[in-house]
């Protein structure tokens, strides 16, 4: 017997921390860590459901595995892109401007 | 439990995947070639399209199923709407491939092979992404949905970053920036999607979409739906998940932008349709979230598009606005709404493809001018580059005008009008008046957006409208005129582009004379 | 006072004359159709078909009027053959207006038929006269066409048995008067007078329109007889009173009653034939016709009657006084018209169901003859002496003998001297008013009686004054050179184009310069000022009026006294103009219509224009500003959106996450 | 509270604490290491919940592969050339969003499931295996494609000349690009 | 009479649905041809273009006449998935408007397009003007883009005909919107360059589109409730498929949408500017045809379809209508630009139409429909005159010195007088019956309307009628009267004269024999309001 409320609380907490991590960090890899926390929360949620509420259906558990694997694939591509970013810009700062559109300028013609 | 494989049904997905694998294998076997990969890719996409085609005409309610369990559930099920979306995605991808053909088959700097062996990689990426897109709307469970969605997203990130080595270095660096913008958003969105999947499972106890007729925790289901929608909405560029759109669109190579603006949306909408259909079977749930997203998207998208001075950015924001229209019918969570959204998306797809093809063609003519453009890369796609296009190249301007009118929903582009009708109908059936009024006002706002472009197209050259879009390119005011003048005598547009323009225009004209309505 | 025998009007009436049995022609439509259509088609043809030929235009115009005269005369005859002496006719068929019946029918009865004859005859005379008067006018053809249209409109009003048709004729007359008064459009005074006439009458017509609307909708039909029947059944009601008061206001506008009186003297800017037409038989008298048609309702509403009586009496007296002080013969006649028309309307207010409204129509007919005569003669004189100012026309009747009788008879008729036609009609009016005040007429009748009594000597006074001036012996003309008649163009043939110009030398030649048809027309009118009395005595009129001979004598006495006083006052004035005794300031004020024009400007025109400016400003600066603001605002918002849309990854992610939290929150909170 | 509850609380505390540290640590490397602890803790949670297979995969894939990758990336990017700490307002905002997430998700979950105890009755490993390779073979195969293409893509991007500071043309010794215009169809 | 009429009608060949081909195909073909021709390297001369266009419009007008007589019905499934039919079903409501469109179409295509002229910025100085100076040319000449211009005219006509013919709500909507783009081109490319034509064109398009999208909302709401887009079905159901609140909402959306198009106060501010800017033919079409789409829509899509909702809004609508009458008439008293002034007067007249519709009685509806057509003819006439004057004067500003029209251009002058007289409701001309009918109807509205309010409206409308005379007097005094003969301007050329005669005769005919029109619309009105 277990109280599912506990893992659910942890899910909420991890998700919140993940969100905080994503928003509070400048370093791209650290933002990635936030995302991992978010995914961890999702995994925990799925596992909890699989173990306490799915009535023996293996679906949620398998979904956890899929999420973990997808996350791995994502991380691979993400890190490759971040490396490229680092090579291109010399930093992995997510506070750097990504867009080069002009600021201000002409307002379009009348509406 | 025995799984009933039915590979013919799954062929629309398998064909591009197989082509992708073949491309990689051919690259291993015969390195250094460029064109064969593209031909293979085209074949794979065509094969997929051919496989999806029969599904379009199946009677309503029937599905082409694959990978079914004895209890009737299928991991892959494509009804007519799904097939239509798949067909659209595959053909759209084909258009993108043709659009990218010269670039992807071109030699690298110094005339040799691109150091990355770019042609096979980008082709494979395009094919797998398309396979993912095609798989999404047919997904029968959360797992398939998540995986195929990621399959549709990850390669596009890389496609944005993988640009030609002959490009100027700053421009290539910008492409990486664009990729980062897309990447971060997609990562976070996937996190949300995963959370949503978890909530879905928590609410229904199952990871399958079918059979959720009764739920123990409807509020969890709503939460799950919100999270799933949020995770999907970034792909369709709905506000507030849209921020990557203008950045990435402007940074990516034009064909990739085209892909993101068209084919990618099919995945997003496919996912939404799957979710909405699953929700629709549950009694008494409404999804205010989608309504809010739709309203915000079209309003913000149109307002901001109103001030853009660059064709690609304008199209980016118009994509945002159109995302609102795609989402609009889904707010009612009915299966009719799903087909309405699908139908709208198909029209949007054709019109946007056509617009991008013309933008590419115009940019090509500007690019070949002998003047090196100090105004930067924006000049080729600036609205100012389209000044006087109606006189200079009516055969490009008229299709573009038709595409824009379709997006705006104004006759003579009846296809666009009917699409708007289709999108609005469910909302009014539901009597969600506030949403309907917002949508109605956005019709006007949208027309204002596309009208700006049309005005530029129709304006006579050298007309004294100095304060208009002519100043778009900032410092390059003089250059604009020069490049535009070049355009009139500039190089001929590639035959492939003409074919694309012709075909897409024919589609729109046909759709205007005999509108499809809902699928 | 000696005891005089009691006399009823019916005692005076002519005996029934057996008429020969003429064959009834089976023509398409009725004579009323022919009269109206002929003039209408003459108007359209005159505008559209005559090309550049004045002669053709004249043919068309005169032909139309002639047809109308013949048709109306024929109509008189047919009426004798019809039992009940009424004839109904359809027109273009009923209007399909759903709940509201609008049969658009015509109705002819004896009084209206007689009025119609008068109208048509005056119109014919005016057409003939205008051909001469506007011989050299490049715009003779439009003028003739307009006169035709005017006639058609008046005939329509006279014959109308439908409030809508009445309104049609009513409004068309207003417009025609605009065109006629503004005929000499290069003169700004004419343009102004034309506009003023149209505006003042049309403003009053708001009341007319609303009155008609109220009556028609209440009855569910626009057919006048049915409207009358319906409201008579209903009896006096606030709606009826309102409607009638509104109608009275409208009539007051067209008939130049106070406070709308000022447009009419200004209308003298029009050519004299136009003045004759407007003043004699048509527009200003139309109100009389309409109110006579609705008389059965008018008697039901004391308020409306009182209103009409007050307006008419004020106008009657005031206009007569003003007429006396005018320094221009035409304006004198104009004011006299105002006064006389008020007289017609006053009798309508004074009449009761016993007496009926016929006295008003009889005076209308009488007035038509002598006023047309006076105007046309004045115009003739004006041509001869080069103006109609009192100072210019002095001795006119002496110098041009041919005019002497015309003026004399006309003025006598106007003053109401027996045996001229004016005498009969005035007596009828007095009788009606007296019957009213003695009977069920109430206050209105008393008021009218008093006013009519007062106006009679006033009328006599200005007639005397005019006559004295016109008839001043040439011997005492101090400086004849000033009045020496200029060269007068001579017209030989009515059927000629204006090409022969011969200078007339001497008075006789000058007199001969008038065309024979114009001269014949005025002669005919002159004749009618006498014979018209016989028309009034026809047995077809229905007033049951008791004639008070004492009153008649008293009135005549008063008139004589006032004429004598005028003669005395004129003595010693070089021009024999009694009005010269009036203080200059008062005289000036009278000439300017007691500054009514200034009052119109200050009270109506200026505020309306100010309001218009305010509205235009508001429209541009407030209403349109919202629309403009929407455009600017959208672009501004877009600009803001563009500037605030994230350029960096973190804000983009923040949007995503915050968006999800908000959406999820909404999703959880709102079921 | 049952024993499992207590055990879970303990593991959960470790997980939550390390997660907190991994998002607040000022040292990039420390943060990565705290992530290892968090992910390990999660694996512990899975174990407590009775999902051994998932726990193992978590350990293998995450702690084994992902974190190593992350560490490599950190080393390659040398602390990233950026300050770790963001401005206070941003952190406050981030905290608000995080707290909001926690409240919304936690509130929804708790209100739905309450505080009651339920038996742990997860699927057996055989069932999971059967599902992966039987029922869910479709997503599984798609996943394989995803992994394949992710690898190819990662290699391609990692090797691509991305321009910017990395570009040889930016160095002074190489001639500038001739065809310096933006890319699209030619 | 009726026998003659029957004999005449028997002469009309029974072409059935082919009448539609005759009515619509020439426009489509001509438009396509002219659009293509405009791009050829060797363009045909302006005469060819002009005559092609005129012939197409004339043939189409004949076709429309045939449609009006035969009234064939065409029904083809168009968008099966939405249940939309391509159904053309003329009835008593649409036939007059179809004929109006055909006539105005011929007039509009007949008029010459003139190139942009130099702006006469300063008032003409009499001292300098030379009486022997050459009179500016007003004959047709080759203007760049003439083919496109005529193509746009054809498309506008096509869209309007389609909208009036449509028996299906969505088809109506498509026709309703089809006119926008060509009209936009007409204004922005061929409009008055001194008046910010791009801005005016955009304003026109956007305002109309806001309106039409609201209309679309209403259409779709009704369509989903009734499950059909067939207008006959809608009218037959009479709103029974919608609840009261839905009816209110639908009626509001539709009414606001159409009110923007009509336009009804206070949504009218776009009209004067657009009219002042549009080329003459554009103004003619705009006033005579496009604005009619708004009133037609009200009668077709609101009155019978959501009667309850319409009843609820009717007092407000009527109030706005009469406010518009007085408002616009007041502005006309001080407006300096003649073309704008005519545009303002349009607003006033359409106020009467709206009042008639809102009264909810047969009389009101009949009057409104009559006023609608009458205004079409009158405004077309006036815009032909004023457009010609604007071209001749080099601007339509009243405060500049102009030669008195009565002296120098009698034809134009007469047309102006007739037009202004008709516009101010002179009986015998077309404008009268609609206005008086509206006032009559407003005085005794249908029993479910607050009759106190409506009586007030009737009074205001009557005052507005008097104001109309006031501004008419003002215009005629400033333009028609007077003694100035300089600067000389040429009188109407043949095309203008023909157009003016045609319109003038029709105005007169309708004024003299209103039953011609009323008898056509009566069956429809009875069908709508007697239930």
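In this document, chain identifiers A, B, C, D and E correspond to the written order of the chains, with residue numbering beginning at 1 in each.
What we mean here is this: a contact is a pair of C-beta atoms (placed from the backbone, for glycine too) under 8 Å apart; a residue touches a chain by one contact, two chains touch by 3 or more.
These figures come from a predicted structure and were not determined experimentally.
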Lowest number of touching-chain links that must be crossed from subunit B to subunit D: 1
Chain ID, smallest distance between chain and overall C-alpha centroids: E
Maximum centroid distance from subunit C, chain identifier (CA atoms): D
Most widely separated chain from subunit E, with each centre as the mean of CA atoms: D
Subunit A and subunit B: spacing of chain centres that average the CA atoms, whole Å: 24
Length of the line joining the C-alpha centres of subunit C and subunit E, rounded to whole Å: 37
Chain centre separation (subunit D, subunit E; CA means) in Å: 66
Chain centre separation (subunit C, subunit D; CA means) in Å: 98
Where subunit A touches two or more other chains, by residue: 11, 15, 18-19, 22-23, 26, 28, 31-32, 43, 48, 50, 53-55, 57, 59, 62, 66, 70-71, 73-74, 77, 80-82, 84-85, 88-89, 94-95, 98-99, 101, 107-111
Multi-partner residues of subunit B (at least 2 other chains): 141, 143, 146-147, 150, 154, 157-158, 161, 172-174, 176, 179-181, 184, 188, 192, 195, 199, 202, 219, 223, 246-247, 306-308, 448, 455, 465
Multi-chain contact sites of subunit E, meaning residues that touch two or more partners: 198, 202, 206
Subunit A contact footprint on subunit D (complex, rising order): 1-2, 4-5, 8-9, 12, 15-16, 19-20, 22-24, 28, 31-32, 35, 38-39, 42, 45-46, 48-51, 53-54, 57-58, 61-62, 65-66, 69-70, 72-74, 76-77, 79-86, 90-91, 93-95, 97-103, 105-107, 109-110, 113-123, 127-128, 130-132, 135-136, 139-140, 143, 146-147, 150-151, 153-155, 157-158, 160, 162-167
Touching residues on subunit B, where the partner in the complex is subunit D: 1, 3, 10, 13, 17, 20-21, 24, 66-67, 69, 75-76, 99-103, 106, 115-118, 121, 124-125, 128, 131-132, 135, 141, 143-144, 146-148, 150-151, 154-155, 157-158, 161-176, 179, 195, 199, 202-203, 216-217, 219-220, 223, 253-255, 360-361, 363-364, 367, 372-373, 377, 380-381, 494, 497
Subunit D - residues contacting subunit B, complex: 104-105, 108-109, 111-113, 130, 134-139, 142-143, 145-146, 148-150, 152-154, 156-157, 159-165, 167, 169-170, 177, 179-186
Subunit D-touching residues of subunit C, taken from the complex the two chains share: 650, 654, 657-658, 660-661, 664-665, 668
Complex contact set, residues of subunit D against subunit C: 86, 90, 93-94, 97, 100-101, 104-105, 107-108
